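Labels run A, B, C and D following the written order; every chain starts at residue 1.
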Amino acid sequence: MSGILARVGYALALPVVLVAVWWFASAGSTDFYFPPLSRIVAVFPDTWLSSRLADDVLPSLTRLGIGYGVALLAGVALGLAIGSNRVVAAVTEPLLEFLRAIPPPVLVPILILVAGIGDTMKVLVIVSGCLWPVLLNTVDGVRAVDPVLADTCRTYRVRGGRRWWHLVIRSASPRIVTGARQALSVGIILMVISEMFAASSGLGYAVIQFKDGFRIPQMWSGVILLGLLGVLLSVLFRIVEHRVLGWYHGSRDGPRER
Amino acid sequence: MLAVEELHKVYDGRGRRVEAIGDLTFEVEAGSFVCVVGPSGCGKTTLLRCCAGLLAPTSGTVTLSGAPVTGPPEGLAVVFQEYGRSLFPWLRVADNVDLPLRAAGVAKATRRELVGEALGAVGLADAHRAYPWQLSGGMQQRVAIARAIAYQPRVLLLDEPFAAVDAQTRADLEDLIRDVWRRFGMTLLFVTHDIDEAVYLGQRVIMLTSSPTRVAEDLPIDLPDERDQLTTRGDPRFAELRGRVYAQIQKAKLEGRTT
Amino acid sequence: MRILLGVAGLLGFGALLELAPRVGLVSDRYAPPTSTILVTLAQRTGESRFWLAVADTLRTWLLGLLIAVALGVAVGIALGTVPVVRRATASTVEFLRPIPSVALIPLVVVLYGSTVTSTLVLVVYAAFWQVLVQVMHGVADVDPVARDTARTYGLGRLARVRYLVWPTALPYVVTGVRLAATVALILTITGELVIGSPGLGQEIATARTSGAVPAMYALTVVTGLLGVLANVATRAAERRVLHWHPSLRAEVAA
Amino acid sequence: MRRHLAAFLLAPTLLASAACGADGADEPAPGQPDKVTVGVIPILDVAPIYLGIEQGFFDERDIEITLEQAEGGAAIVPAVVSGQYQFGFSNMVSLLIASSEGLPVKVVSNGNNSTGVDGEDFAALMVKADSPIRTAADLEGKTVAANTLQNIVDTSVRQSVRKAGGDPTKVRFTALPFPDQPAALASGQVDAVFVVEPFQQAVLAEGGRAIASSYVDAAPNLTVAAYFTSQQLLADNPDLATRFTEAMAESLSYADSHPDEVRTIIASYTEIAPEVIEKLTLPTFPPEVNRESVATLADLALEDGLLSKAADVDALLP
C-alpha cells in the first residue's frame, strides 16, 4: 500500500506546488496579460463546456483524428513498400530526406492554395506532417526483420497477406509505434497551426479569436486546454501502446511470470 | 527420399570468394535418421539451407522424393539453432504452432487437434497461452519442434538445434527428438558439431571434411534402436564408433589447415 | 549505383511537378512548374533580402538551440543526479512535455509582439524538452557500480558529475541536441511564418500575401534544403563528437 | 516591470524570455526628436500618415516616425499597450472591445471614414459574378471572409444583413487575410468577401460584384478606424501625444485635399499595380472622429455579443 502512496505522492507533489505558486503569485495581479489563475479557472467551464465544445473542440479533434489516421495508414503502407524493396528505397531515399526536412507548417500556405481553406486543407496539413515519422520508422522496422524468422516463414510457406502481417508488420511494430508517437505530437502542433491561418472553427481558431477579442483569461484557458489535450493524448497513446506492444515490453524486460 | 548430388556452393562476396561446399553427394532414405557432423565452419549450415530450398546451390542438385528443390518444398520443416529468433514473439505458443497450418489452409478442427497433439508430444500441454519470451530456452526449442511436428512434414531438417541449450536440457531434447522421429515416422537430417550427439541419435553419421567440403566418410551406426542416455552411452560399441568419428574429424581439420 | 537511383528519384519528382501544371492536371496559378520555381529561386538568391532572411532564421535557430541545450543540460543534470528529485519532477516533466509549443503563440504575441523574442520562446520551449529527456535518460544510465566506486574514492558531487555523469550522459546529450536541432528549426520557421518575426518564414508569409506563388514554392524549397543541411550537419557533428565512444549510445524513443 | 516577475514564475521557457526583455521606447535626450514607432496595416486607410511623414508634418514637431506593418487592429493593440509601439492604427470595433475589456487605450486622432455614399465606398461586401446571392439577406447559412474577426468588418456586414431583412446570427465568418480573399471567392471556398481597396478592384477584375456597402449601412459617414495610444504614454509624455495629434490632423486634411498624392503614396507601401491604383475609390479623411457613428458601432457590437458590457465611448475618444 505504501508503495502506491509514495508513487502518487511523488507524482503529485511538485505539480500541486507549482499550481499553488502560480495561483498565489498571480492572485493580486492586475496585469492585463497575466490574469489571476483563479479568474482563468473560473472562466474555464463556461468558455469550453458551452456550445464551443461542439463548435470548436470537436471539429479540431475530428480533423486531427482523420489526418492522423490517414497519415498512419499511408505511412505504414509506403514504409512497407519502400522498406522491403531495395530499388524503391534507393530511388525514394533522397526525395524523402528532402520532403521530411520541410517544416510541416510551411506547407500550410501551399495547401491553402491547392486545397482551399476548408477542412480538407486542415486534414491535409496534419497528414503532411504526421506522415514522415511513421513512414521512416516503418522503413527502419521492415529492414530490422529477423532473417531467421524470415527463413522460418519461407520454410513453412507463410506467404502473402499473412506473411506481411505476421512477419513484417508485427516485427516492425515497435518502430512503427515510435513513429506514431512522434507523429502524434506533430499532429497536435499542425492541428493548432492549420487553425491559425484560415479557419472558422477549431481550438487554435478559438484561442486566436480570444486574443483578437482581448479576452485574455479565455485565451489563457484555451492555452491550458491545449496543454491538457496534449497531455491527455500522450497518456492515451501510452495506454494503447502498452496493449499493442505488451509482448515487446515483456520480451525486453525478460521472462517474469514463468 | 532426400538426395544430394554433386552439391557445390561458392559465396561470391565483395572481393572474397568463399568455397563453402566443394562436392557433396549422399542420400537420406525415407524414415531414416541421418546425422551430419564436421569441423566448425565446414559449411554444415550452408548444406542444410540448400536442402531446405532456402539457398540456391552454385551447381549440383537437391531432390526431395524425386522432385528438384528450387524453393522451400511442401512437406519439409526446419528447426533452427536460434530457437528464440525463429518463434513469433507476439504470438502465444499455441498460435506459433498453429500459424503454418493456417497458412496451409488446414481446417480449424483438425488444426486444434494437431496443435494439441504436437504440444502434448513435446511436454508443453499446459503452455498453450504463454508467450515465447516467458519460457526457458529449452522450452522454446520444444515449441519449435512441436510446430514442426504439427506441420506433419515428410522430411525434418535440424540445424544444430540443441547447441544453445544447457547439457541437461540437451539430453532431454535428444531423447525427445528420437521419440518424435519414431512416433511420427518422419525422415530426419540432423546437422551438429557434437560428435557424441551424432552417434547417439543417428542411424547413419555423414562426416564432412573442412571446406571445400566433401563427404569424408558415411558411417552406419549399428547401435540398438532402443537408446537411452545411460545404457547407450555406456555401450563399448558407442565409444568405438565415437572414436572412429572423432579421428575422422581430427583428420579433416588437419587437412583443412594444410591445403 | 545507389546515388544514381537517388538522383533519378529527385529528377522524377521534379519532372512530375513540371508536367502536372503544364498538362492541366493542376492549375498553374496554384502549382507553378518546377522550372518557374527554380528560376524564381535563382532570382531570389540574387537579392540581399533573401540572404538577410536566411541569416535571421539561422541566428534565431542557433540562439534558440543554444539556450535550449544550455537549459536542458543544466536542468537535466540537476534533476537527474539526485534520485529523489528525479522522481519528484518526473510527473511534471511528463505533464509539460506534450504541451504543444504552438499553444504559446497567442501568449508570446501578446507579450512580445512579432519580435524575435516571441519566436525564441517557442523554439526554446520545444527544443528544451528534447534535450532534457535525453539528458535525464543519460544521467540515469550511469552505472550504479561506477557511482559507488567513485563515492568510495571520496569524489565530491561536482567531481562525480565532471568525471562520471558527464561522460556517460554525453552520447545522450548529443542525441538530444540532434533531435532538438530539428525541432528548433521547425519552430523557428513556424514562428516567423505565424508570428511574423524576421526570417525565411516571414518571407513566405509576405510572398503569400502579395500573391507571389512561385516565390512561396521557392522559399519552401529553401526551408527544405536548410532542413536537410541541418540534419546532415548535426549527424556529422554527432559522429565527430562520439568517434572515441564505442557506439553504445541508445537513442531513447523521444 | 511586474510582468517579468510574473513571467519568471510561470515556466522555464518564460525564464528564457525574461532574459531577452522587451524593448520599450527609450526617453529621447533633450533637443533630440522623439523616436516613435507606429503600428499600421498595409492597406489604403493609412495613406495619410505616410503622406504626413513625406510632407514633414512630423519632423516639424520633433517626431521621428518608423512604421511597422501588422495583420490587423487586434495585433496592434497589445503591441501599443506593451510599449512595443507608441501609437497604432486600428478599426474602431477592436478599440471598443479593448477598452471595454479594460485595456488602457485612448484614441488620439481620427483614421478614416467611409465615403458615406452607398455603392461607391472604398470597401464593399462582394460575391462572385454568377453567385445566386442577390442581397445581404441571402447570406444566411453562407460563409463570409473577413480579414480578422470581432472587428468592424463583421460588425458592419451583420448590419447589412440585418438591414436587408436577414438574421445575422445565421451568417458564418472565416478569418482570411485580405490578399487571400479574391482567390478564395473565385474558387468558391467562401460565398462572399468584405474587402477594402485595393482588393475591391481585384475582385471586380475577376468579375465579382458588390451587394452592399456595409460601412455605409453601419452608420452614416462612419469613422472606420483611428490612431490610438496607451494611457501609459499619455501619462508619461502628454506633450508628445498632442504633437502627434496635431501632425495627424494636418496629414488627414492634406490627404483629403490631395487625392492624387494619396494614390502615389499608396504605391510606395503596397505591391499594387499602378493601373489599379488609378481606379481605387478613396475613403474620406476628416480630422474629427464622427462620435455618433462610433456610438452606433458600440451598440451594434454589444448586440452582436462582441462586447461583454456597454462600451464607454467618451472614455475612448479624445
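In this text, contacts are C-beta pairs under 8 Å (C-beta built on N, C-alpha and C of every residue); 3 or more make two chains touch, one makes a residue touch a chain.
Model, not experiment: these values are computed from the prediction.
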*Chain pair, most C-beta pairs within the contact cut-off*: A-C
*With centres defined as the mean of C-alpha atoms, identify the chain lying farthest from subunit B.*
D
*Round to the nearest whole Å and give the separation of the Cα centres of subunit B and subunit C.*
53
*Approximate Å spacing (C-alpha centroids) for the pair subunit B, subunit D*: 85
*Whole-Å distance, subunit A centre to subunit B centre, using C-alpha means?*
48
*With chain centres taken as the means of their Cα atoms, state the distance from subunit A to subunit D in Å.*
38
*Residue list for subunit C, restricted to those that touch at least two other chains*: 96, 104, 109-111, 208
*Junction residues of subunit A, two or more chains touched*: 33, 113, 208, 211, 216
*Kindly provide every pair of chains that touch.*
A-B, A-C, A-D, C-D
*asked:* Which residues of subunit D touch subunit A once you look at their complex with the stated criterion?
replied: 2-3, 6-7, 9-10, 72, 74-75, 77-78, 81-82, 94, 97-98, 101-104, 143, 148-151, 172-176, 180, 183-184, 187, 189-190, 306, 308
*asked:* Taking the touch rule as given, give the residues of subunit C at its contact with subunit D in the complex, in rising order.
replied: 67, 71, 75, 96, 104, 108-117, 120-121, 124-125, 128, 196, 208-211
_For a test of understanding, state which residues of subunit A touch subunit C in their complex under the given definition._
10-15, 18, 33, 87, 90-95, 97-110, 113-114, 178, 181-182, 185, 188-189, 192-193, 196-197, 204, 207-208, 210-211, 216, 219-220, 222-223, 226-227, 230-231, 233-234
*Which bits of subunit C are touching subunit A when the two form their complex?*
1-2, 5-10, 12-13, 26, 30-31, 87-92, 94-107, 109-111, 185-186, 189-190, 193-194, 201, 204-205, 208, 213, 216-217, 220, 223-228, 230-231, 253-254
*Can you name the residues of subunit A that touch subunit B in the complex?*
146, 148-149, 151-152, 154-159, 162, 166, 170-171, 173, 247-248, 250-251, 254-258
